[in-house]
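Here chain A shows up in two complexes: once beside chain B, once beside chain C.
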Partner chain A sequence: MVKTAYKCLIIYACLLLFGFIATRHIQHLLSLSLLYSLVAIGLVILIGYGGLVSFGQGAFYAIGAYSVGLLLKYYGFQNAEILLVLGVLITTLISFLIGLLAARTRKLAFAMITVAFSMIIYTLLVKFYHITGGTDGLRIPAVKLFGILPVRGRDLFMSMSNEYFIIITIFTIILYITEHVINSPLSYALRAVKDAELKAVSLGISPTRVYILAFTYAGFLAGIAGTLYAFLNAHIDPLIAFWTTSGEFVFITILGGITSIYGVFLASILYLFLKTYLIVYTAYYWQFVIGFVILLLILLAPKGLSGIIFKVYIGRKVFRKS
Partner chain B sequence: MNNSLFKENRLLQVINLKKYFGGVKAVDGVSFHIDKGEKVAIIGPNGAGKSTLINLISGYLLPTDGKIIYQGKSLEKTSMIKRVQMGIVRSWQIPQLFESLTVKEALITSILSRNKKIYNMWKDVNKYMQKQIIQEVTELCLSFNLRETKPVKELSEGERKLLDVALSFSLQPELLLLDEPTSGVSSYEKFNIIDMILRVALEKKTTVIVVEHDIEVVQKYFPRIIFMNEGKILYDGSFDTLMGEESLKYLLGG
Partner chain C sequence: MLEITLLIIIFLNTLIYSVILALISVGLNMVLGVLKILNLSHGVLLAIGAYLSVTFVRSFLSFGLPIYTTYIALGLAGIIAGIFMGFTVEPIILRRIYERVEIQQLLATFALMLILEDVIKFIWGPQSWMITEPYLYLGNLNIGGISYPLYYVFLMVVGYVILLITYIFLNATKIGRIIRSTAFDREISLALGVDVKRVYTYAFTIGATLATLGGALIAPTISLHPGFSSEYIVLSFAVVVVGGLGDIKGAFIASLIMALARTITVMVFPELELAIIFIIMLLVLQLRPEGLFKGGR
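And then the complex of A and B:
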């Protein structure tokens, strides 16, 4: 317990320190990767512990972002903290409702239901353009957090940008909470249901209930990431609800090694930096390179980044854990 | 219903239970009753409906017709999970276990499920590790000869069977249904496994119904035997008189 707190504090200190020295561009990229890893951490719970592959996290990401955008535009909420809480609440509620439906399915059917859901959200965002702004998206003004700190800008010490500071703080808190969730009874139930669903039922564990809770938690994380994305990016468009965004999240989770939240944390940083600089240097071939990385990864390190680190760190002989 | 009123130690009563799969009459009008603390073996040739009967009592399958009365309550529509909470716990013929957990973790998962704490996602599991739970796990591991720290995926076939049973016992069941707990293990181990099961069952005063193939095991351990064939109960009584029934001898294989 204390160990977890220290681990999170060290990560927080590193990120904070980094904020003092890094350029604003790097800070923006890092913020974005932290948001991606928030979503991917939800997928670690869902894929790594529960064995359910969701291609719908992009939809929850978008719901979080658009909750902020629409609440700002139509209801004039000017407090970032209220927008944040409302955005997360709305997303969590919707993911619970979708979970009620999706938790009854498994494997391919589950993946298809989540894809279908994200396509519905995408279509709604595009077609109801008189409300959502269609493919043009919405602009998010820099509202203030607690009435003092604007969600974007440079009002803090040295080169630290506000959005970076807000995002790393929330990220660390979520990391700490997720560590608890991973050691909770529910996580054991999730693994039990994943390994042997029928046995879990005969021990009185309801798989549907377990999956609904896990799905809601993953949606909750995607919601937080989405609302913060709206603040960070200043502009949101429906493309974040498209299934390719969800695909990116799944890819990051696989890249990180599906059971390690620190693995996906590193993976999302690697992925976004790789993608950004590849676009800079090879505007047309970045997908080719990404595809090549996936291929290499599946062939050489099926356990992802965390697997590689584990191998190097602990040594080959002790490496038996799967 | 009248019967269950004046017999207070009656645990389970099955009345004219039927399960048809299309034209196949897997269980066809079965009636019997079981008192608290009884140890019963169900035997019979393949396809006799033994497993289906267990599936019906445990709630995995719903009957086509008939009644299952457990502690005075009718069970036909009750879900499997509800029945587990009422105290009817079963094991499976081929044990499916939690491959990513250790023996201890699997047992703790089961105990947390019994204590209705399994859906908590904010509290660390270690917070639930009171002395008595740890002691319970240790005791179960001891009585079934399992090593707590061993990962489930490294267990031998016999140990898997034992863990399956240990998991069932960790729920503190009233009625334990074991579907062939000795299938797939050597005949030497068979006696050992049944011995352990019945010792713990006696200690915890659990009523046990076992589906068993091995006649020697049945003869040695079970005072009451239900013999099934083609979905019907042909015999219900002690082993000694079963051997006397000329009409059944050919089914027992001599």
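And then the complex of A and C:
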């Protein structure tokens, strides 16, 4: 436990130091990749430990972001901490309800339920444009955290931007909590259900309950990421609920080697920097390069980034179905 | 009188929308049934069919051929695109991932979707394309005072003919029966001497051709822009789920149900136009995860 705390503190110190030297643009990108890795960490629990592939995390991300946007626009909440808590609460509640529906299904049916849910959210966001702003999206003003610190801007020491500071702080706390979750009985029950559901049932584990908890936790993380995204980006649009965004999250999880939360942390940084600079240098053809990389990774290195390292050190061929 | 007109229009809209859904999802379901892969790039095949038909129609017209030949151009574009994609994508990429776990298959086809979308942008550019000549040439139909584009009726008839041909092909020809038996049990078909590899290629090509033909048929009715197909693919997921995974007949009936639900929702509560399809999908996954029609067989 102490070791985990040290690990998180070291990561926090590195991120903090980086904030003093990096330009605002790099800080923005890094913040965004931390948000992506929050969602992907939820997927690590769901896919890596639970074996359930959710193509709907984008919906929870969007629910988090839109809770902030709509609460700001219609109810005039001006405190960032209240918005954050409410946004996360709403998302967690909805992910719990969807978990109730989805946890009875497995494999492709589960993926399909999550796709269906995220598409429902997407179409509602697009079609109820008089409320949600439709495809134009919503603008998020820079509200203040605890009444002093605006969620965007540069009121801190040196080049550190406020949004970066807030995001790395929350990210580190979540990292610490997730380490505990991964070493908790829940996580072991999840692994047992994934490997042998019948055996797990005979040991008194309820697969449905375990899956609901895992799904809710993943939704909770996506909700935090979504609310912070609203603060970070100042503008949100329904495209974040489209199934392709969820596909990106799943890809990052695979790239990070599905069971390693530090793997997905690196993978999301790599992915977002790659994507951003590809857009800068190739304009229209970034998808081609990303797709090509995914395909090569799947065909040649199926265990993801941490798998490549693993392979180099141990030299074992793993992760084949038969 | 007005009620009858309204009913006719609901009926027509349902049939037209269902034929588009059916062309995509029957193909998707066939690939899923035979190859056991959920092909996320299936929607892009539709887009490729649509874009290629733009090129064909444009070049037919620029050669000075009369406008009625553009219908041949549409058909040619659909078939050529489908056969080309079928015989390249399956042997080069899909064949390598049959043994992999589900999530890798999904991700590989997702990657394929991204690649093909940018190939489209590379060939046809990022701007949007329209070919209205085949659409305008047929003019309008007068239904009780409301003018209705005749092209939609044409689309519907041709679409159903294509689906009928596919049905006959799968049920009455030898290769069709082999494809169905491979979908039913791969091992036993292999033991009986079926060249499963070739059957996979054929099944994928037929599925792809259905999608590209669908794309060619809808090309004159919409403005094509990059990424327009990613909505169709999730719609066909919904249809496939409701009809039952791998069940071709189920996919056809499900597309009728979905189209009817959508047409009625458009009239009653237009905001839920697309959401209704996914709500039905969610309900079916909850109540009958194996699809609506699995019990009856």
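Keep in mind that, in the parts below, the second predicted complex is superposed on the first by the 309 of 322 C-alpha atoms of A that agree within 3 Å, B and C clash if a C-alpha of one lies under 4 Å from a C-alpha of the other, contacts with A are read in each partner's own complex, and residues count from 1 in each chain.
To be clear about the criterion, a contact is a pair of C-beta atoms (placed from the backbone, for glycine too) under 8 Å apart; a residue touches a chain by one contact, two chains touch by 3 or more.
All values derive from a computational prediction rather than experimental measurement.
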Touched partner set for A:Arg139, first chain B, second chain C, both or neither: neither
Touching partner for A:Phe128 - first (chain B), second (chain C), both, neither: second
First (chain B), second (chain C), both or neither touched by A:His180: first
Which of chain B and chain C A:Thr105 touches, first, second, both or neither: second
Chain B versus chain C as contact partner of A:Phe117, first or second or both or neither: second
Touched partner set for A:Tyr188, first chain B, second chain C, both or neither: first
Most chain A residues touched (candidates chain B, chain C): C
Interfacial residue positions of chain B with respect to chain A in the complex: 58, 80-81, 84-85, 89-92, 95-101, 105-106, 108-110, 112-114, 117-126, 128, 164, 167-168, 171
List of chain A residues in touch with chain C within their complex: 47, 53, 55, 101, 104-105, 107-109, 111-113, 115-117, 119-120, 123-124, 127-128, 242-244, 247, 250-251, 254, 284-288, 290-292, 294-295, 298-299, 302, 319-322
Chain A contact footprint on chain C (complex, rising order): 38, 40, 93, 96-97, 99-104, 106-108, 110-115, 117-119, 121-122, 126, 226, 230, 234, 237-238, 241, 245, 270-275, 278-279, 281-282, 285-286, 289
List of chain A residues in touch with chain B within their complex: 1, 177, 180-181, 183-189, 191-192, 194-196, 198-206, 209-210, 213, 217
